[in-house]
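Before anything else, here is the set of structures, which you'll find just below.
Look at the two complexes coming up: subunit A is in both, with subunit B in one and subunit C in the other.
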Partner chain A sequence: MNESSDPLLHQVLAAPLAALVRAEAMSALALLDFVTSVGMQPAATPGAAAATEGTAPSSLGALRMVSFSYQRQQADGTLRQQTMQVPVLALIQLPVLNIKDSSFSFNLALTAIRASTKKAKTVAPGLKRPAGLTEIDLHVALPPTAPASTPAPPVMSVQLNSVRGDFPNGIINLLQLVNTALVVEEGAPRPPEQADGD
Partner chain B sequence: MSASFGGAADKAADLPKPATRGGLVVPLAALVRGVQRDLGRANAASQAAAWPAGLAAIGWPAPSFRIGMLELSLPCLVRKGRGAQSVLELVSDAAAGRTRRRRRLVVSLAWSVAGGAWLRAVRLDPVGTGPGRAREEER
Partner chain C sequence: MATDPLLAGGKGFPCPQCGHPFRLTAAQLLGADQFACASCGLVLTLDKQQSLPTLERLRAYEQAIEQIAATVPGQTGRAKPR
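Our next item is the complex of A and B:
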């Protein structure tokens, strides 16, 4: 009853949270891969393409720009050819996926309880834990799916809801930078009659 | 409600003793406090979950998740005592049988950023003593 190799309850409860972090890391790396392949110029260094190998790239490289031209009328009536360069990333919707909250429901078999009695202890200035408190550790395991010859352990149903503690801002910083990276080039002025003939 | 699960309630209860039906005998107060502590430990452990160093290097911080609500439910027998002073035997559904002492313990906790794990409810619902109780258990 006292010794068990089964995990403790808090270890099992922490496992879904760790899985959420791992899932979000995979999502982030996939997003970086998308940003690198769509929004950046072809990598000049091997590190820029490392996102597909499970690690974040050390350098994303240079922004891939698209350009378009248009004519703009000046105050004196002349038309001037202008060319605008826009980052590709500013024109597309990025597949940013975050886990906001999650819900897990599962059964755990209580396989052992380890108990101990604590001595009196000062846990904070002016706050003393009284002696004689019983501290217990719950050992749990996944419940057996087939009937066994030994008595079945008590099975506990667990409902666990988790929420996000913070929000990543790295991609927000990137988007803010991309949206300010517009370039406008002006050509030579053209007289109005020449422009009418175009 | 959490205040009733400490001090005097624990001292009145015994450490686990040999069970009569192959279950685990434990004071309710100690069990509840243990689950409360486990919730805090689980949330603390999630902060240390692995996050690719490369993502952190480009300013992408690791997300943190915490358990906001946890509810445990399991069959048990009341060995002695009442309320917070109860001593329970945690047994399988089959071993619990359909005695008057059979209960379903429900422990519901929530996580407060300011105050850690706090108890929303601790109930010892009677089950298995009639069709109405059975429906309640299923629900």
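Our next item is the complex of A and C:
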């Protein structure tokens, strides 16, 4: 095997970290999916709800409501049937999860050490890396976990500790709108004696 | 009935009679018809017919979580709330 074709050490170290970032992004999308699929009706505009996987819908439909009824006694003793509609998002706790900490454990075999002299290069506007800067490239490989006679893939041990997370600001703004959407409607008044017979 | 702690202990809403927080879980919402306020005793009756589309959506999500949890090796329960 050509050792220089092995990945660089920083690439191997960055891979699980990049996976964490992508996992958190997927978690946020899953929360968005929960909010939109459980808490909201499909968008009324044709095509607006046809968001592809991994993208947010371009517009949201009406809030999904849960309807309750109850009898409330008025000042004159009559009972009045009332209905109340509550957005389901105001009722249930949203499953917000964040990664609290993580650990990765894997063995690496150093396969090549190469010094490379970089050419002058602009790394950012107004910031130019000087020419002739020598960097050490460390090429590594994940060694198999068993002798070559019994091939076994390399193993990376991953441990994640996730906790209930804080709500993203966008979700907080959404919930503030949700909490203002509670609707109470009054029915016709009923005399107490009629209500007692029910 | 699913008792997902992630969906349990909802934010709640103010009791229309006394303003005390009315807290329901998804499991309660899917499994019961009436809910009494812990403070004033006002009984709210769930209009299941009116709320059917919402309850079906919530039930489908609960079932999906159950199915996913069943496929995770060594999964003995769901994540504990903080």
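We adopt the following convention: the second predicted complex is superposed on the first by the 111 of 198 C-alpha atoms of A that agree within 3 Å, B and C clash if a C-alpha of one lies under 4 Å from a C-alpha of the other, contacts with A are read in each partner's own complex, and residues count from 1 in each chain.
We adopt the following convention: contacts are C-beta pairs under 8 Å (C-beta built on N, C-alpha and C of every residue); 3 or more make two chains touch, one makes a residue touch a chain.
What you see is a predicted model; the values in this text were computed from it and never measured.
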Partner chain in contact with A:34 - subunit B first, subunit C second, else both or neither: second
Partner chain in contact with A:5 - subunit B first, subunit C second, else both or neither: neither
First (subunit B), second (subunit C), both or neither touched by A:134: first
Which partner, subunit B or subunit C, touches more subunit A residues: B
Touched partner set for A:91, first subunit B, second subunit C, both or neither: second
Which superposed partner A:162 touches (first subunit B, second subunit C, both, neither): both
Subunit B versus subunit C as contact partner of A:22, first or second or both or neither: first
Doubly contacted subunit A residues - partners subunit C and subunit B: 162-164
List of subunit B residues in touch with subunit A within their complex: 6-7, 10-11, 13, 15-16, 21-24, 26-27, 29-31, 33-35, 37-39, 41-43, 45-46, 49-55, 57-76, 90-95
Residues on subunit A engaged by subunit C in the complex (per definition of touch): 34, 37-38, 41, 64-70, 72, 82-84, 86, 88, 90-93, 95, 97, 162-164, 175, 179, 182, 184
Subunit A-facing residues of subunit C, complex: 4, 6-13, 16-17, 24-26, 29, 35, 42-47, 50-51, 53-55, 57-58, 61, 79, 81-82
For the subunit A and subunit B complex, residues of the former touching the latter: 1, 8-11, 13-14, 17-18, 20-22, 24-25, 28-29, 32, 50, 54-58, 60, 98-99, 101-102, 110, 112-113, 115, 117, 130, 132-138, 151-171, 173
